[in-house]
């Protein structure tokens, strides 16, 4: 049993996911919603690594491990980001970018 | 018209779910739903990993993301009363700009990917990446082995933990 | 230890001394000692140089020395002087000496003032003794920046604006300069930044054509080249007395010196190629500056525009590229340095008493402060080229030299430039007539006093120098002429 | 693998040990322990500096880790920078809101430093990525360190979101690169780099990630807000150490990995350099807040750093030297800003600096000289560093970019002079009161001042860097 | 004759000492000191004249040119350079004698005239400077030295005209004098440049080979140099400064603006005469016409002026015109065939210097007595000031060309030379000579006869120190005509026996007598209505003549309207508002660009990231296009 899907199809999926994330990031005003969008973006790259590894360069596990570390780091990032957002909430009582934009110019 | 095997169908179905849920995750008006759609996307990604034979990766994906991060999201959403503030949307002008930039970017990336002409390769199914191999690679110090990043990530996680606690801790 | 390095060392010691000084008298003492030492050193150097030349020394530069500094870029601290540098060093030392006296009673923050003042002088001296492109540029910029604070803090009028404008325009010029220097260095494929060695290499003509205008423009901004001269009126008008003196007297000479030493010497073909355009600009400078001065009402503006005209003549003469004209250019630098310093000194002293520089409000000063008035007249006469004072010698050399160029275009430019001597007479006499002669328009002024001893010292020194150069130009003219020769030979070969 | 291997990566290992030492110290020493911790940190950094003498080329972990004489030099520079930051942290960390968090502060600083070390000596994209994240994520915590100050929280938020966004894009870029090359080891990649369109895209995506760290236009927008909101000490750290590491990592990867695509990235860099310097300068013209002002200044400085990178291997010595000179001057400025902020109850506007000379002449003088150095005025270090950068770029034939950068120095001079003007010329009804800088603060300023004056005049420093660059990249 | 150097140095010494330490001296001491030094100088000059004339001429009768002192003052390279030295030949010793004599007279006279004036020491210092400069000018061996001293003379003239520096009129006059002559000197300078370049020397006697090579440019050089001379010698239309220069103290006018400096132009042309005749005869003849026109113009204007010094000033202009004409009508250097004018000119220069100085000093004496320059303030002074009256009359007769006074002889030679060249110019000059006689006697009558005015009531003769110079000069005026001038000086140096052309002499005497008679009838008793009637008959002409034919207005227009109004003011405006504004604009545009960029930094992370993404996309596209070779 073999899976014969062109790599390109995976890549389309990941690209769409990436740009969905970007879109979300740029349109959302709620900081957590933006963070969710970033998760999509990070996930998209992980798919790429795994797919490339499996299909094109199956000899070594570089892409696989990159994905693995990517997940770990993303988790760490998310944790810190959520901590900071909670702190923002504590300071501003809201988590909207419009409110948290006192510094500009 | 190529005929589709079950596996193909599974893939395309997963892909469709991922895409649809991605879109929904960034467009829905309720943040909890958004988190839920994210969960689906992450599940879908896990499924893809499994189909590629990276079951271990899929499992980590499910555990860390679905089990850890999304729960974290839910908590923080509740904590920051985010569900009340989702109605704010950006102005039309900016929306158009975002759409234009995003669409151009997506088209550009897809164009770039298409220009590469990746070969069509078939991968065998049911052949799992053995956990032993992963383990070896993880703790080895030779080429294609990853003990150094592994150790560093541990330091990173400690630091993030310290940092996150520092920031989130309420009292002195 | 090379004698030339003392020119850098003494200002450094002065800086240290000023930093350590605690009272006003200590500050003044350090300045007096230092500037006298420099003056003596400069005179000594001039004597020694002349002796060596008469003893048959034929090298392009004497007292050469070189210490490698940045090996990878072939940067060295190389020093050396020829006749041109010697007279310029002498000029700088004189101006610094007199400038010290001119700011003897300056307040507030006297110590800081002298610190920056000395830093400026350090840059100037360093520039004149260096023969390394990088080191020259380093000292050049060192000399520019103290101007900002000197004008900004101790100036008058729209000082912040003027200081900023001056600094930015000059720095803009030095941006051109830097790229030009890099162009020379890399264009020549050189393994040295020493001018003397670069001069013996040939830079490809196409490189010269690109980088000559950049270098010339870079230095030209400091030499008040039209249309980049507008920093000069505002800057001079706002600067305190001694700073105007040092700036117009010495700093603007850096421009002419650099044009000659770097732009023309190292890139003769570029110079030939571009001389037409720049000649037009400098001719405009000469006439335009003079004509602008005619209708000014602020004494310092008049003098600043006059400087534009006279410094324009320096660049004009350099571009003629005949030996006599270049000699004339250097003489003009020397002469303009002295007489314009004298001018600014006197104007500053008058301003310090009357608190106005508007010629419409002044009058009859001859009776109230005869010493300053006479000094002003002498400065004016020197400016308009009275024989016996320095201006005549320089201008005549320039004109005779420029006329040596057989090309009709150059001739026409020369003739246009000569008209400036008439216009100069117009604005000088207009000013003299307005402010010195006639009757005093403001009863307040009747009570004013004449120059104090320190001011007299400064003024008399300068007058003596102006007269000395004007009456006995042979020495200066000869040693400059000898030193101009290598450049002209190189031009002739190209 | 054996212990000797670890000895070869002694800077990183030591730093990791220091983190543990600090952790224990923080736990065992009774509160308030900020003063002792500061001294310990300084001591540790000095030890680190003293022992970091590796000058040989080392490739460990199968190419995962690659240290070179140049990276060793860069690490030393980063350590010095960190040391200066720690030295000047005193007045801020002893505030009642912070003094119990001193241990965390130093640990986070060390962690980020460790991340930067890995970033600079990575031999594999994974290492690089992990190092980069390690330098970013704890940095976000540092930025949000003043958690009861809204500005700090806002800055932290902006930083972490931007950092995640950019790292996601960079990750995507790396994944594309992986797709075309098939390996992530730096040493194996150049043979597969052919400059295909996808690789170009990957290059840009990857570049954006480092452009974020270096705050290059158009990836710079987080910088001013973050600098303004972050604690001043962290601002200094961010502007100098973080930037220095990123710059070296960038040149390292561009040369080692993207070497065959030099033509492409030279164009990319040229565009970005001109944009960065110009936009940074233009935006800096209108800033009143000194921290924000320094942010824009640092953006434009990043452009000059990039100019050295543009010169490729030739420019690496100039690059490192530039970072060193920039570090001395910038940290001096941040130190002064910090001192004034802490002694005047949070005044950081330029107008608050009016007539500063009348009350705090020495501090003013240091700030003046530092600003002059930043503006590239001789005889200060900034002049030499700028000259070397321009020389390197000119040597590689990038005349137009060099020229535009040079013209921009005039604009930058303008805004630096605005500060000088405020301090010396503008009158003020109530200038900042006279105060005494603490011992360590004084020490920082003196060290910076000596560096500002001596770095340029004393040539062996640059020559050493040149040798290191020659050993590392074969450039002369 | 090395001592001739001291003739120059003594006045210089007087200047330096008085200028540096003058304020510490008493008036009397300063005056006597300067006068004493000048007396010595004058003695030396007379000795020099005598010594030179005692030199044995060579076979052709030409006396040698001596160069007792010469050094290179300023080398230019290519063998060019400014040499300073003393060229002693007939014209220069003659001039030395004239200058030192007149200068001595003025020094002595001023002791009385300037008594008690503020700045007395300064006055003598400037006189010393002037004497030095003027003598330096005449002994110049080269054209550049001449230019150098020419400028110095100009500046001392400036300083002396502006001596009363609190008077606005004096300031304006001094300024005008300097600027106008300076303008003319521009021509001189350019002429020198051409001369030096083409002849390879600045000497008056260039190398024949160089002359052959560069001769074709010589007319330009000489013509331009003459512009300088015309300025100094107040030729039309550059004469406007001279009448105004009368604002200076009267003795100064006598010395500088009558006897010596204003004839520098004549002397210059005379110096270059051999070159003029050989290489630029057409320029020379043009000079003649300029001179004639000037003489006519000045004579007409002099007829209607009421300020006595102005009358004298215009008479000076007119007389210099005569000298110029005399030079201009020459066609060769041989005095027998066409070079007579050269001798005549220098002869007239000498006699004119003496009698015009006398006239001015006499006028000064009158002014001293009545404290006014206006004719209306004078009248019937003959009795009150007998010595002044007599000497003034002698001078008037001399200038009118009545034998046996000196003016007759020199003018007669000029007219002879003119008639030899062209009858037209001869008759014109004769007519002008008659006009001269008329206006001089108008002046004489209105001062010493006619109606008395209030001011004359208290007038009395001047002190001896002032009348003594008058007497000496009057005596000289009487005898000077009998000197065999031609044997000493002629164009080619060979002696020339002056013999009166009786036809010319008689005609001119007749004209002069008629003119004098007319003047006497009109003005002697002060009751004649004829002058008023003539005035009424042609008011426009009178007005025009009185206003000096509007030359000042024309110049005023040129300088104020064109130079100031159309050049300087717009240029200054342009500089401030265009060039400077452009620099400001660049600064402003940078600022504005900075402000325009501000909205991008709106504090929202989304915006920042759109920028980020946009940057990536744009950069990628740029790279792709570049790779496709689009750039």
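Here the chain labels run A, B, C, D and E in written order, and each chain numbers its own residues starting at 1.
Assume a contact is a pair of C-beta atoms (placed from the backbone, for glycine too) under 8 Å apart; a residue touches a chain by one contact, two chains touch by 3 or more.
Since the model is a prediction, treat every value here as computed from it, not as a measurement.
Here the chain-to-chain distance from chain C to chain D, counted in touching steps, is 1. Common neighbours of chain C and chain E (chains touching each): D. With steps allowed only between chains in touch, the distance from chain A over to chain C comes to 2. Of all chain pairs, the one linked by the largest number of contacting C-beta pairs is A-B. Each chain gets a centre from its C-alpha atoms; the one nearest the centre of all protein C-alpha atoms is C.
With every chain reduced to the mean of its CA atoms, the largest distance from chain E is reached by B.
Averaged Cα coordinates give chain A a centre that lies 27 Å from the centre of chain D.
With centres taken as mean Cα positions, chain C sits 70 Å from chain B.
With centres taken as mean Cα positions, chain B sits 6 Å from chain A. Averaged Cα coordinates give chain A a centre that lies 96 Å from the centre of chain E. Listed for chain E are residues 587, 598, 601, 603, 605-607, 609-610, 613-614, 616, 620, each touching two or more other chains.
With touch defined as above, residues shared between interfaces to two or more other chains in chain C number as follows: 168. The residues of chain D that reach two or more other chains are 126, 130, 133, 137-138, 140-141, 144, 147, 156-158, 161, 165, 169, 176, 179, 197, 200-201, 224-225, 286, 414, listed in rising order. Annotation, chain-chain contacts: A-B, A-D, A-E, B-D, B-E, C-D, C-E, D-E (touch as defined at the top). Contact residues on chain B toward chain E in their complex (touch as defined above): 90, 94, 97-98, 101-102, 104-105, 108, 112.
By the touch criterion given at the top, residues 22, 25-29, 34, 97-98, 101-105 of chain A touch chain E in their complex.
In the complex of the two chains, the chain C residues touching chain E come out as 165, 168-169, 227, 230-231, 233-234, 288, 291-292, 294-296, 323-324, 327, 364, 366-367, 381, 384-388, 392-393, 396-397, 399-401, 403-404, 414-415, 418-419, 421-422, 425-426, 429-430, 433, 436-439, 473-474, 477-478, 481.
Chain A contributes residues 1-13, 15-24, 26-33, 35-37, 39-40, 43, 46-47, 50-51, 54-56, 58, 60-62, 64-65, 67-69, 71-80, 82-87, 89-90, 94-96, 98 to its touches with chain B in the complex.
The touching residues of chain E, counted against chain C in their complex, run 72-78, 80, 82, 144, 148-149, 151-152, 155, 158, 162, 165-166, 168, 171-172, 174-175, 178-179, 182-183, 186, 189-190, 193-194, 196-197, 563-564, 567-569, 571-572, 575, 579-580, 582-583, 587.
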